[in-house]
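In what follows, chain A forms one complex with chain B and a second complex with chain C.
Up next, the complex of A and B:
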């Protein structure tokens, strides 16, 4: 039987609320990575930021985002040591859906990522598409997500795929 | 080794139930296949996937791209079957300060991505792109393409994220896809991987 070229490496579903989720010891045997997840706030609204390879200040990342809020399309940039893929505030009942594609994550060039965030809050909400740069020539071997505003609720699910 | 089982008996080492919900290992139908991968050694003015089999439902191209020369941001183009006519495209993009849109018809290729990485920015930065082509092997439909791409140069230049749609007004099955840039050649390390989806 032929082997799929998109393979689930790891998946996490929170049994209870948590302030962070980390994928570590990511093998370097794939070409790209894809992360797909949905999250909610445990007791109130929350968003999150990501940190690659545990670096907090060693690499200043750049991000360019295109977003729409139901009435206006806009674009903005951000530079930070952390990656803010979504500024959407997931509520306790309405999850946000996110997908991040990491290109050539184990290669020797800087790492480019494309990310997609979708969150409709039934009267408000946001859709966003963005690109991020992790200016490091090291392979990405860990990805950590930290909640902000509130913990990730139980039931938050993240799956990391490797793409050959 | 092939073993024969029946639903009313148990054969050692094989499950009794045929249901994948009964604790048996999940069945992976292998829905995604890597068909070809091309990596530029540097200096190529075009990169082509050829002899694309017609056996898949859809294609996806994932890639990182960079132009060697400085054009103040390059453009990535795509052509099907070597054709240089009957293309159209639309684009929605963000520059980091404003959102915009553009479109054009009667083009010689599909404008996949704008402001892609080139000699204007750090040589370690490449543009990321994901391109989808549905029903590429149909002989009764014109071909529609969508792309998602972006470049962030950490503020130096070419900060751009976009969504594009493309059309090839031709019902021929796609058997080749060719990528070119605005000016000059692909930088070493530019890589495109072609995947086929079975649709199962």
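Up next, the complex of A and C:
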């Protein structure tokens, strides 16, 4: 029988609004991690940033993003920053979805992440694809997402998969 | 360790077809992931058109980035209040023979009682002067569970040897 290669490590669905969601004690036994989530703002628009390994402030990351807003395709960069990934503005009614791949997350080199954000809102919204760098040689053992602008609404769902 | 990704079904066309449908999709998963290797028999630039549950009402929309490999050949557009999702990147019969495009579509929380966002990434490469890449955010404004997914070329039919594969992913 073939070996399973994609395993759900943990999942969280908010029963009430919250300002953060954290995956901790991530085992180092996989090759890559994949995070899939959908979120809405509790009372108004909401975006987020992520921090790895419990560090209080991580203005050390870099990102390059490709973005389309329905009329213009553009690219931008962030350096020496927190991790914003797609950082899409989710409304209270239409979920924004994200998928983030963390490659070789337990290795001894800097960590590269690929992210895909999809937030069409029927006449507005955006699509984003990008790459992020976390310049640390330590294994990623926790991932925390912090809402900004508003709390994550009840029903926000995040699932972390390990990929062998 | 229990797997989280399960093959629901996979089909390779033995002859051309006007559309392809995954029907009677079971509700026991968290997300759906659809992978396609396809070619159309029309000679014009072609798109995947996607509908759910046989629904052709105007509750679909999408935002896209498309690129064609030329200098300045990148743009963003959107469809609003549409009868289907519309994703560029289906290999056309006007391009290099025997080349098929590759695409992945992801539908999270497909049984939820909220609107259904989706993600699309499709590419075609034919070693010629024109090829397209599409990146899309899709939205189906319906609170019912997805029980079927239908793909239709914007023009013509899917060619023989086009392959459609649907996976279910479980979060627990």
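Just so we're on the same page, the second predicted complex is superposed on the first by the 155 of 164 C-alpha atoms of A that agree within 3 Å, B and C clash if a C-alpha of one lies under 4 Å from a C-alpha of the other, contacts with A are read in each partner's own complex, and residues count from 1 in each chain.
As a convention for this text, contacts are C-beta pairs under 8 Å (C-beta built on N, C-alpha and C of every residue); 3 or more make two chains touch, one makes a residue touch a chain.
Just so you know, these numbers come straight off a predicted model, no measurement behind them.
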{"item": "Fit or clash between chain C and chain B when superposed on chain A", "value": "clash"}
{"item": "Chain B versus chain C as contact partner of A:157, first or second or both or neither", "value": "second"}
{"item": "Touching partner for A:28 - first (chain B), second (chain C), both, neither", "value": "neither"}
{"item": "Which of chain B and chain C A:76 touches, first, second, both or neither", "value": "first"}
{"item": "Touching partner for A:6 - first (chain B), second (chain C), both, neither", "value": "both"}
{"item": "Touched partner set for A:97, first chain B, second chain C, both or neither", "value": "second"}
{"item": "First (chain B), second (chain C), both or neither touched by A:118", "value": "second"}
{"item": "Partner chain(s) touched by A:16 [first = chain B, second = chain C, both, neither]", "value": "neither"}
{"item": "Touching partner for A:129 - first (chain B), second (chain C), both, neither", "value": "both"}
{"item": "Which of chain B and chain C A:65 touches, first, second, both or neither", "value": "first"}
{"item": "Shared chain A surface residues [contacts with chain B and with chain C]", "value": "4-6, 66-67, 73, 116, 129"}
{"item": "Contact set on chain A toward chain B in their complex", "value": "1-6, 31-32, 60-67, 73-77, 79, 101, 103-104, 107, 109-110, 112-114, 116, 129-133, 135, 137, 163-164"}
{"item": "Residues of chain C touching chain A in the complex", "value": "1-5, 30-31, 61-65, 67, 74-78, 80-81, 106, 108-109, 112, 114-115, 117-121, 135-139, 141, 169-172"}
{"item": "Complex interface listing, chain B residues touching chain A", "value": "28-34, 37, 62-64, 92-99, 122, 124-128, 130, 148-155, 159-163, 189, 191, 193, 195"}
{"item": "Sites on chain A touched by chain C in the complex", "value": "4-8, 11, 36-38, 40, 66-73, 93-97, 99, 116-123, 125-127, 129, 155, 157, 159, 161"}
